[in-house]
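The following blocks contain the structures, represented as structure tokens.
Both complexes shown next keep chain A, but they swap its partner, so chain B is in the first and chain C is in the second.
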Partner chain A sequence: MALAETVLRKIHKLGLIPKIIKFLPLCSFLLAVSSILYLISLPMDGNYRNTYISENALMPAQVTSYFRESEWNIVRGYRESITKLSDQDVSSRNKILESWLEQLGLTTSYHVNGFANDTLYAIMHAPRGENTEAMALVVPWATSEGKYNSGAMALAMGLARYFTRMSIWSKNIVFVFPPDSRKSLRSWVDAYHTDLDETAGSIEAAVVLEYDETLGDYFEFIDMFYHGLNGQFPNLDLLNTANVINYHENIKVSIEGIDNKNIDYTTRLLTLVKGIISSCLTGLTQENTNGCEEFSGWQIQAITLRARTKDKGEEHRDITQLGRVVDGTFRSVNNLLEKFHQSFFFYLLMSSKNFISIGTYLPAAVILAVSLAISALSAILSIDRNEAISNLSFILRTFTYVEIVCLGLALSIPKLVATSEGDQVSAVSLLVLSSLGFLSVGSIFFKKRLSKTITFSLISLSLLLISLLITALLIVHFSLALMIGILVLPLTFVPTLMNQFTGQDFKDKAYIGTIICLIVSNPFFVVLTAGNVLGNGSDLFEGLVLAWNDLQCWTWLVVILGWFPCWIVITGCFMFYKIDIDELLKKKLQ
Partner chain B sequence: MVLLTGLILSLLVQVTIATQFYKEHLNLKPYPRNKLLTGFDFNIESQPFELSYYNVSATTGEIAHHYTHFPSSLGPIIESTNTRELHLRFTQGWWDAQSWGKLPHDGLFSGGTGVEVVAVIEAPDIAIAQQHWSRLTKILSGFFCASLNFIDNDSTTYPKHLTKKIGGYAPEQGNKLFLLRAALPSEPVCTENLTPFLRLLPTRGKSGISTLLDGHKVFDSLWHGMSIDVVTSCEDNGLCSLQLHQTINQMVDIIRSIRKQTEGGIPKPTPGDKLRCDTSKTYNVWQCFPLGDPTEIDWSLQTIYGRKIIGSAFEDGDRETSSISVDFDPAAWEVTFMKDAPNSLVHRSLSDSKDVHVSEFLHENANYDLKFETKSSTNVLPIVAPPLYASRSLTGYSLDKGGLRVSFANPSDKPVTFVYFESTPWFMRLYFNDLKLSLKNQDGEADVTANQEEYIQNRYYRPAIDRTRPSQMELKITIPANSSLAMTYSFDKSLLLYHEYPPDANHGFDIEPAVITILEDDKATYEFRTTSLLLTLPTPDFSMPYNVIILTCTVLSLAFGIVFNLLTKQVVTEEEFEKVSANTKAAKIKRQVKYRIYQVKQILGI
Partner chain C sequence: MQKLTQVFVIGGLLRFLIPSLIPSVVQALGSTVELSTPINSYKSLQEAFYYLQQGIDLYDGGVNHHPPLLVIILSVFQSLPFKEVWFNLVYTLCDLFIAWKLIQINRWYNFYSAKRYGKKNERFSDDIIASFYLFNPLIVLTNLAHSTIVFTWVFLMESIYQVIFTGNVPRSMIALGISTYLSFNSVYLLPPIIAFAHAMTPTNIHRVYIEGFAIYFAAVALLIMSSFTCTSSWNFLDQCYLTNILLKKITPNVGLWWYIFTEMFDFFTPFYLGLFNIYTLVYVIPITIRLFQFRSNKKLGDSFLAIVLVYIWLSFTKSYPTIGDLGFGLSILPIFKVTIFPYCRYTYVIGLTMLISLLLFPIFYYCWIVLGTGNSNFFYSISLIWGVVHVLIILDLLWGKLVYDYSLDNKIEDVHKLNLAQI
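Right after this comes the complex of A and B.
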């Protein structure tokens, strides 16, 4: 205490505080840069950890899987019959599949979802089991790339037949055959926990399997997907279990499309960055919807395994090997006496063997939040505080109105997009939204101008709100928090630039700079640009808007109720701000 | 219960006529998809004796009765706890009602997953009955190697709809009969429960049909249930006898048993040449579309149990003490009764009589076996559909609340009335204000919550009290013909105290199966249970308290430091402080040292 007292006194004596205040914008920027540098340093040796199995009961790859030899003949037999079904519609395919499953003695049932084909599912009740827990093997009729999933379907049939021969099961096994792995699967998962008659207890783990028809007998490696909605991940133990089994089967696993053959700093960094991006986009775009995220929010650990091949003929992994991976994973999960709880739920993968845990990566987003808070502080310190406090009610009222308008948008736009046909309306609403921010038209006719005090307090409050948004998000959805933090960084330059206005026209460099900052940090400009970079224009926007209703992914709400109002307020401030000529003259004289 | 008691009594009447005190029976019935239902029945009756209310504090003498075949280990337990009826159920597995139909013995001897105890206890009041009950469960716990000692007031229920029907015994003056029930759904049933079961038999599993009961084989079935029922029956002359009825029922997967015998326990892939392929599809050395299970099979008791029946129960006993019966379709099956005596070998076909129910007595000192052969194992006696199907599941996902959904389906052409008995632990706080009923029939699905009186005719609900007693719900429900009714209601999950979590808290908490008793003219005709449920409660990270302690201590010490400073230190201005600090001893010494160093430097000329 005494030390702190001495230091404080010294600071006071030397008059450091005004000096620090002067450098606050720079501090804020440096902090933002250091946050990114920190993130980049994570894939360096010593900063990350090797994955390990935390739950001893799992014992992956400790059993010999007998899904081999003649089981291959059976998988081929099923596959030929399934391939022949490719030109039929899903409901008639389901009928045939159902008859096969019933022949194996499984209980089959349908989920009628009301918008697409019915989802067929079959329950294998564990002999002597308690019937309170289950594992799910999900095989959609169409892969997430839209191909016919015949290989995985044949595998599922072969595995169903193979599983019924064993008496070791302590958990039921549910085989789910949705028409696709997006909305129909989500709807099945919802229904399983609300109104299905045939259930098999709480699902502990789920594996979504994709092996499309073009692959034939062999594949080369497995693409593993694990991102859930709203920043949720499956327990790291499940991923590790699958990875250990893959390793023992000598199958290469790629995470975020980067294989685990040669792992070095670059691949780790790439995996990390891609992981953060795809975690933000999960459920929003077709590429980032792989089936496993549909189980999010129900305390079900889920992964997607997709068999892939690059150039045929290099390495052969036969189809039953993928079956053995599923078999091994299920047998490990079957060993569990408790739920998955031992290992991490929050982590970032750098390869199939390396990860960083929440404690290590969290500072990156924390520093960003601090950086935003500091720029908010710098904005509020540049004005007369007493005047700001006397205008507090106006400031808060403004925010409330903006939030109410945004809430209206948050509810109405998804309805508009869902009811419209084609891309036009969504593109139009996108434009409307972006231009809504540019209150320029209004500003010309609107005579009243805002004083410097009000302008800067509004800006400061907006920045502080974003900082709080990031802080609130950073544990539950680190990737989104980080991404928003980086994308709104240009907003932190706005108060500094506005302080440097010499005239409010396009001759003023600061004025142009502010406009650029505002455009770049507009959420819908970002969404549109990202959509175009990812390849599908307004698809990302449509996915963002629809994901809340379809999949309960709340990224849309964060954007429209957190990011957008703050942006609108800052832009409004910019539009209605009037420079105080006297002050400007005083500055010039000095 | 009256039916149960009646059934046991009627069985025992037969016993008394036939062999007085002991009778055993094995029934075999092939089911579709190569399954086999086996049912072992054992009936034991004690010698009549004078039964009186046993007062724990007053009685000094020991209970010494001669029970003959009735297990002398069990008799004193029953008598000293004043238990007049005891029903124990050990069950594991899932009864597939869709393909297997009704439970054996109309479900009266089958429990839900885990262990179930029901006892009728004679006592002057409920408190003493609870004491007896507590002693009974604790003794039985050691006796049957089951966690029955964990049965406490917070898991004991007093089924209302059963109490009306206690019969067969009249209590002493001033005493009443109390019916208590408890279930342990998470109890795994294992060999350690079978051994004491066999020890109750006079044959000890060494002769007669009980020789087949090997733990490895009994528990390697799709579903199995053990039951032990003790009933007291008294004659007019005041003498009472204890009657014990034990059953083991199991559903055996014949194909698996055959495979285990021929290929061993490991499910190795079938050799290529032994694959059974659909020849109408592409079929070659690489490819095979599998056919279903073979229908041309032959097997014997030896295949399933790994041994034969050794002799009859008693060498010198009645010839009808041990019997065996088979229910089958004689047109499709060839069943051979094989008797392997030291000096004779008898093979006799049981299919010749063309009866669907054939029984044989085992009365010689020989090894007995039954051989089953068929060309089409799908031809079995028709399955009797149960009067009602029910499934129960948990809904919702959050850790603070959840919901229960029970769906009843009535497949028959007439309405079904039944009593739905459900007991939930106190940490599930049920809400009946949002109980919803929806009826589904050929006209579609409709919400019938508004006129629920039409479906739920009578309800009895005893709410739970935290840490003291579970909730108990008994609903009398009628389901119209050919329709299904779904009932949903929600509950809150409470937080447990730190020490109330079991060692495997992250497993979740098992909720005992609900019991459904079908009534016909107010008589129970069929009984079955739903599956148990696994409830997830908010589970703390058990190392957290230590983190909290450390953090709290740090914060407290900081706060203490500040407050202490404020209280003990004098407040001065900065100038005063600087003046005072320049005159402290330390400052003086510091000045002195500085001065000396300066002097030394001067001397050295630095």
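Right after this comes the complex of A and C.
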């Protein structure tokens, strides 16, 4: 206490507090910059860790897989037959597949989802299990790129035949054949946990397999996808297990499209940044919907393995090798006696061999939240607080109205987009919403009547709310928290700039600066820009809007009920803010 | 309409209409760990009604922890048509009653302090005090969850009210006795309320103590005996009170207790039980004494504040707290607008900390229970922050009061110009 006492006295003596208050906007900005710098420093040596298997029972790559040459012909045979089915519709393909599965002695069943073709699934009951736990192998008829998934289908049949001959299984194995790996798989997963008659116990792990028809007998490397919906990740142990097995099979694995042969700072940083972005976009765009995220929310660890090739003839990995990877992974998961280890759910991958865990990366977003809170504080400190409190009911009412309007939008836009033909509605609403920021250009024509007190307390409250939003998302969806934190940074400059207004017209630099800040921090302007940069136009918006109903991905709600209302309030404040001429003159005289 | 009437009507309708129109709200809120504990859960009350109806022993199976008389009295509504609506009405009336008492106490307190310190009476108006209670989200949620803690509050308010307005210590003690019967922790409020009675009744100090204690214990004994007669067994003592003291039912809540007993080895249990119980008790007396209004010095001390502080302290150290407990303490605080608030220093920090912990409670619980990615440490860490909020509030209020007392004692006009050091 003595030290604190001395420090406090010193601070008081030097009059540091008023000085600090004066520099609060700068502090806020510096904190935001340091957060980004911190993130960039993470891929440097010493800041990340090497992956390791946390659960000893998994023992990956400790067994010899017999899914080898003897199975090669069987897989080829199945592929031949499946390729012949390519011109039939899914239901008749399912019938033939069902007959094969029944020949192997598996229990088959259908899930009628009501909007697409039925999903066929088969259950292999474990010879040694209690019938309470299961693993799932998912092979959609179409890959996420829309190609015919014949290779993976043949592999699944080959594996099913191979698995039935082994007596080691203590967990049931479920083979799932949905028509696609998006909505229909999601609906199957939901139904499995709610109303399907044929079930096989709780699914511990799921592997989604893609090996499209163009690849032929050989592939070169595996693309591994692991992002779940709403910022969830599968247990790192599952990823590590698959990676170790791939390593023993001498298969290259690429994460976020970056392979693991030559790892250096740049590739680690790229993987990190791409990982954060794709975690935000999971379920929203075609490229970021890979099947594994459909298992989110049911305590299932899921990954997607997609066989890929760049230029044929360089490196040959034969199709049964991919089968061995699946076999090895399933046998490892089969060893699990309890659940996956608790501490391995919060991580960011930098390559298949390096990761950072929550304690290390969390500060990046925490600093951003603090930076926003500080700018809220500096906004509120620039006005008379007693006056602000007396206006509290007006301020709260304004927020309630804005929030109600946004709630209306949150419910109506998905309805409109879902019922409309084509993408006209989504394109129009995106255009309207994203151009709202340009309204602030027209603010010189508005009649100004908001006093400084009300304006600044509204702005301060909005910034505080965004800061709270980021805090709330920190653990559940770190990537989204970080993204929102970075994208709303321009809003923190608004109160500082508005304090520097000399006149409310285009001669005023601060005035123009504010307009730019407002335009770029509009969430829908961001969505529009991101959509165009990523090359899917208004599809990103459509995905964002529909993902809540289709996949229970709540990014849409966060954007429209958290970020957007705060942005509206700040923009409204800017448009109706009346500068105090007397105060301005006083400043000039000084 | 007058503003006060408006507040009462809106506050009442909020509590009555929402659960009447959307009955699932009560069930949903009643299942959240922040609002409902085994001790005050509405679900277990309904279970108890069923037991009563079927002639099963009320405490069979260890689900019910409500005292027998409460169950029997409330079961009257169970037999009426639209029983849910009747319950909504009872809970609404309870809250309106508390709000009304708060208004009275606010009027009195500020009148009394104005006289005491010779200052102008600049209290909050009645409608604002009522809104602080009726529109406090923590209180609204607690009420909508139909937590039985509301009944305890009713009798607590009544107990304080009787001391102030009738000077009738026996009545106050009977009310406190009922409150203790309804929820065990009220027993810790006996010292501050007796001390308050001491300050409020000008004559016959010995009578206050002797009569007060005697009647309090008589009331409690009478209630317990009649409960025994109703149930013809002593089981309720074990289920209603010992469960509270010995934390027999380990479920997560916003308090500090449960985690220690789930994670700890069994042989540590008696030690921690003793520690937590002593800890609850040990601060009650010092707070009471420090704020005691001695007759020799007319201006120092504030026994009413002592009651509030002890209540917040109890919310911190209780075995089964809810967020409503702190909400109740907070709703009383606006009464101190003139005397203490100007000297409090950390309101911004406390408010922000409280907001963040309220925000993270459900999220971390969701991570732990639903997603399975988090674990109990997540939830407990927020419980700890919630504890810190309590401690900060108590510290800040005590500091404010002591600074104010200091300025009165030394006749300092403007305390804010002073450079006070905390040693």
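Throughout what follows, the second predicted complex is superposed on the first by the 572 of 590 C-alpha atoms of A that agree within 3 Å, B and C clash if a C-alpha of one lies under 4 Å from a C-alpha of the other, contacts with A are read in each partner's own complex, and residues count from 1 in each chain.
Everything below uses one rule, namely that a residue touches a chain if its C-beta (ideal position, glycine included) is under 8 Å from a C-beta of that chain, and two chains touch if they have at least 3 such contacts.
The structure presented is a predicted model; accordingly, all values stated were derived computationally and were not measured.
Peer 1: Just chain B (first), just chain C (second), both, or neither: which does A:Thr471 touch?
Peer 2: In the superposition, A:Thr471 touches chain C alone.
Peer 1: Which holds for A:Phe346: it touches chain B only (first), chain C only (second), both, or neither?
Peer 2: It touches chain C, and chain B stays clear.
Peer 1: Please indicate which partner A:Gln299 is in contact with in the superposed arrangement: first for chain B, second for chain C, both, or neither.
Peer 2: both
Peer 1: For A:Lys274, is the partner it touches chain B (first), chain C (second), both, or none of the two (neither)?
Peer 2: Neither partner.
Peer 1: Quick one: is A:Ala373 in contact with chain B, with chain C, with both, or with neither? Answer first, second, both or neither.
Peer 2: second
Peer 1: Per the contact definition in the header, classify A:Thr194: touching chain B only (first), chain C only (second), both, or neither.
Peer 2: first
Peer 1: What is the contact status of A:His125 with respect to chain B (first) and chain C (second): first, second, both, or neither?
Peer 2: It touches chain B, and chain C stays clear.
Peer 1: Check the residue A:Gln232 against both partner chains and state whether it touches chain B (first), chain C (second), both, or neither.
Peer 2: second
Peer 1: Which chain, chain B or chain C, is in touch with more residues of chain A?
Peer 2: The larger set of chain A residues in touch belongs to B.
Peer 1: If you lay the two complexes on top of each other, which residues of chain A touch chain B in one and chain C in the other?
Peer 2: 1, 9, 297, 299, 339.
Peer 1: Any idea which chain B residues touch chain A in the complex?
Peer 2: Result: residues 33, 92-94, 96, 98-99, 113-114, 185-186, 219-224, 253, 256, 259, 266-272, 275, 277-278, 281-283, 285-290, 292, 391, 393-397, 405, 407, 409, 484, 486, 504-508, 510, 531-534, 536, 539, 561-562, 565, 574 of chain B touch chain A.
Peer 1: Which residues of chain C touch chain A in their complex?
Peer 2: 348, 352, 355-356, 359-360, 363-364, 366-367, 370-375, 378, 419, 421-423
Peer 1: Where on chain A is chain C touching in the complex?
Peer 2: Listed in rising order, the residues are 1, 5, 8-9, 12, 232, 297, 299, 339, 342, 345-346, 373, 377, 468, 471-472, 475-476.
Peer 1: Of all residues in chain A, which touch chain B in the complex?
Peer 2: 1, 9, 66-74, 76-78, 80-81, 103-105, 107, 125-133, 161-162, 165-167, 193-199, 201-202, 297-299, 337-339, 341
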